[in-house]
């Protein structure tokens, strides 16, 4: 079953509900905690406060302070504690309040979480999840808008995912919690309430490493992940209105990423535009662009195009201008189409 | 004057000496401290010990403990102190003992050093240099071998350089110290003594942002920076022996990087192979690859090729196997040539 | 009202570090619990009271601005005015250096940062000296050496140490002041900076504005140490403990500690015990009720530091009449309204400014990105 | 010699935290300065002495191995044997968990990690349980719950707290032991982990092996605090100060502190005052002379913890004869030689292993990279 089929199947079933992305996350946490006593949740303000975005609302009331608790204000302590718990057999899910605040926990992430299995030859492992809201569009300035996922995709030993739909958010979070590896789980905060969609009532997971074709098309492959996805759809709509058939792909997972799906798509369409909101230099999409031209060179009718964030700190006043919007994406597509 | 001419000019002049890369660094520090009292040097073991690689040997004896001093064992404190000093008007040069240990100072680098000028609208600035040995090949395992430069190239507000010759090391370090922006100065540790070359006896700088053509060629552009450069030369020699004319480019600066030079070269040769030793996903070379195919698409006779580090933590036993060596580079070139 | 003379050290008495109880000069009833130093004349107290009230009303007006959608964020310092105004008076504005945090606009006002600049920052207008780059409450003021604020908690501590090290290196008589909340003391960077300051004997005065909550985490959830100032022992510096709602006590203790630092003794830590009577920020306005009791908030509302000064003035026979007080308040409201109009009139920075100040010069890749955006932004207007 | 029974708590006397002077049981002359607890029979002391001497000679043999080019790095614990062996005896191997640092091979030996495993790690042979992934001295031993070491200083502290939190969560009676050097206490992560442990009342015993140097930086350059254990006050935990060259004192204090932790009182810190008599590592062997005086090193060589036990045994009327001692030493040398031969015989892991253990399963991109390398490595052999 391809990802597109999977999505259709979901919509077809009567056993679904429409929820938003943040509810999907809360549900995933709730269900996994019910399923497995080893799952514990912690971070800044995740307890009585329910998290600053309310992702953990109600969970402390349900599962008690032993399983859902607030920590001191230290990301190094939070990530480090998760590593130590995982090594001792728990399944910790740690929240970092904003992805912008992973910095103080950076060395714990790259030196401990990412390397535990490797450096010990598999004697010790650190299956854990770091959940964190990321991305712009909320007028949060430098420290509530950044998209630091590329740092983590450049760190072997970590898996990195970023859903854009409630279905994927719930399914990927469950997969992350059940998996045997450390997963950095980025949540596109501007979609928390804006992204609504169906989720099955039954238990399911979304495999880490699989992309999804959101709509099929023949003229151009438009590839993104996370917060930019609705804008990809808008651009595809706009181009569709002009008679251009755009294939929209949501990567969902960055490490590992679904190269097969992407290459297959570009081999079909001959054109690719990659969209992300992180600064461009050493952006994860550089790897996707590299791979496409390396492996689908002869299919390419135009250079791979890219719309990324600007190589500047995230500004406050120009919050919306900074982000790739549908216009900028459309323009990049047009450039590829007119090449 | 192009970089190649510049290099030739240096060799031609009688006013030069042959030194190794680490001596070039020591000399640059010495001369800049003599030139400007605002320059101060600190880090772990840089004083009486002279640094673990002896880059600062003798400087405390010459300039005193006030200007060259050891710090407590905290990278956050070292980087943070540099920011605070720079803001108050000094020109701090901080050493991080190994690039692998920048982790604990990561948030100071990305949140303070990189953003000070921007976030204050230019009211405050942080002109400072972080010098740090990086790269593999010394059997140092995970924490004495990594090449984390891509993290920093993905952080707007920082300049990032990595020399591979004594001439560039000295000239770039001087430029970094004299500049108005924070510079992360990576030193390819396996070249400290292995890389020897001429430096002028007179004062000079190398402009940050300019690449250098190490040898001209017509069939393929072989592009790298830092520790891999001698292997690029070896590969070019091997290919040259087979009649292939390889143009070798040393980027020297990553942010900003010399796109013009690179694109010009690929437009001429039609083929490019990029070499670095950092893990491939979200590697800085992804941006170079992206730019080449975006701006020299019609000149390309083959996809841009890449030799990078593997996407694994840096291993101990296979230290040398991990690194791109001349054979692996040559193979990638052959692949591009035979496309 | 807002410009301070270079500090004239008040006669320093027997202020000791590491006291069990917070040092206090004025009781909650407004009566001195130890002799009031001569410097606190009714005139001086009235002046200080004016600074506190101005900051309080500035805070209140920000809520209105937010409700009107003219700004997007606030972080109030209501209830903490004695701490920030008291601290300001141990600083020589424009001479000493300050590495503040996001809740320090009362400190900024007391140091003489023009309200116009603060309002401009909050609105992200063209008159913002920081050029609209940061979210509200991340101020910077060049003239006052009030260094640009980073959201990242405790991030300012190692740089503050660095500035103090530079001051020492340069042989100045300046000192650096570094403020932070109670929550900040849990961060690794806090420790790194404090320890470095101790080891380097850097002339830095560290001031913890212990308002007892870090969003929803109270001090007991934050650390098992008895209090904050005892942590100074880990760095070989004195730790002073002061009633942060007692203006006189804060001024006396901070001045004492600052003088001690100025005298070349190395750094010092002051813990001001106060309380955040409002929500953490606008984002916390409703949630706040879930994590702390109304009784607790009420209790601390009853310990209002502004009112305490008023009670003291009454005790000294120089009460502030209710009409006088009302006039002061409406003067501040007028001042805010005027500055808002002035600031808004300057407009907001456009897309061009995004690419400036990333580096001293604009490198080619940013020129290219700017050109792309120019085409998009101006192309659309054709 | 190397397997320990589950700890039987020694009768605990009046061991107090925050003493001015390090707690001591045996003077430098080998005479007890306070009554020797009954558990220290001559037999027991001889056994412990054997463990210390074995570790000392292991250290010495590593220098030879390095000179022979059979390994690339060493970090000796010579002079610190009383600290590590004493600590080991407060741990229940394979029951409690240990987050050690790179200088802890004496601890590993004393906990019963087979010398063969340590040698295999140092050589990076196929018999290394960590599969040759890390540079020498970054051990991990599953059976002893001796967690894999990260080079990054103080990096183990927050995870150790996490393991202790898990132990508490699971309702076990295990505790976690976390060791680190004096230099490590300056890192932010150290603070973050210590503070979290305090706030969470995690059953973690933190042990500072204060050997007074962090490469070339001595304790005075590291921190302005009076000593290390006083930093425990910042985290609301007791801080014990012990003569780290006094085996009995270390055992008594660590056992006391461990029992206190086991009893559910939360974490504790023990500072063992000892000395690194050798160079920091092989890379420091010459440089060492530039930063510390020969007199200082000589002085501490004269405080040898192994010799102190020998003096005590002599005092107790059970001396270790010089021939006996020489035999013990040659037995260790033989043991090392044998294990080296055994380990080397297993060969070194080849390129294939590089791509394993990055993740639980090997993702496609690593399979591709491995295929490329296979072609390179095997293609060449055709």
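By letter and in written order, the chains are A, B, C and D; residue numbering begins at 1 in each of them.
Throughout what follows, contacts are C-beta pairs under 8 Å (C-beta built on N, C-alpha and C of every residue); 3 or more make two chains touch, one makes a residue touch a chain.
Note that the structure is predicted; figures quoted are calculated from it, not measured.
Among the other chains, C has the CA centre that is most remote from the centre of chain B. When the C-beta pairs in contact are tallied for B-D and for B-C, the bigger tally goes to B-C. One inter-chain figure worth recording: chain A and chain C are separated by 37 Å, centre to centre, where each centre is the mean of the chain's CA atoms. For the pair chain A and chain B, the distance between mean C-alpha positions equals 32 Å. Centre-to-centre separation between chain B and chain C, using Cα means, comes to 41 Å.
Annotation for chain D: residues touching 2 or more other chains are 132-134, 138, 150-152, 186-189, 192, 195-196, 199, 221-223, 358, 365. Of all residues in chain B, those that touch two or more other chains are 71-72, 74, 76-77, 103-104, 107, 111, 115, 118-119, 142-143, 156-157, 255, 280-281, 310-313.
Of all residues in chain D, only 97, 99, 128-134, 138, 140-142, 147-148, 150-152, 155, 157-167, 169-170, 176, 188-189, 192-193, 195-196, 199-200, 356-360, 363-365 touch chain A in the complex they form. Put simply, chain A touches chain B in their complex at residues 103-104, 106-107, 110-111, 114-115, 118-119, 142-143, 150-151, 153-157, 255, 278-287, 289-290, 293-295, 297, 300, 302-306, 310-313, 339. Interface residues of chain A facing chain C in the complex, by the touch rule stated above, are 44-45, 47-50, 52, 70-77, 100-101, 103-104, 139-144, 280-281, 310-313, 315-318, 321-322, 327-328, 331.
Residues 72-73, 124, 132-135, 138, 150-154, 183-184, 186-189, 214-217, 221-223, 283-284, 287, 290-291, 348-351, 353-355, 358, 365-366, 369, 373, 376-377, 380 of chain C are the ones touching chain A in the complex.
Listing the residues of chain A that touch chain D in their complex gives 40, 66, 71-72, 74, 76-77, 79-90, 92, 104, 107-108, 111-112, 115-125, 156-157, 159, 179-181, 209, 255-257, 259-260.
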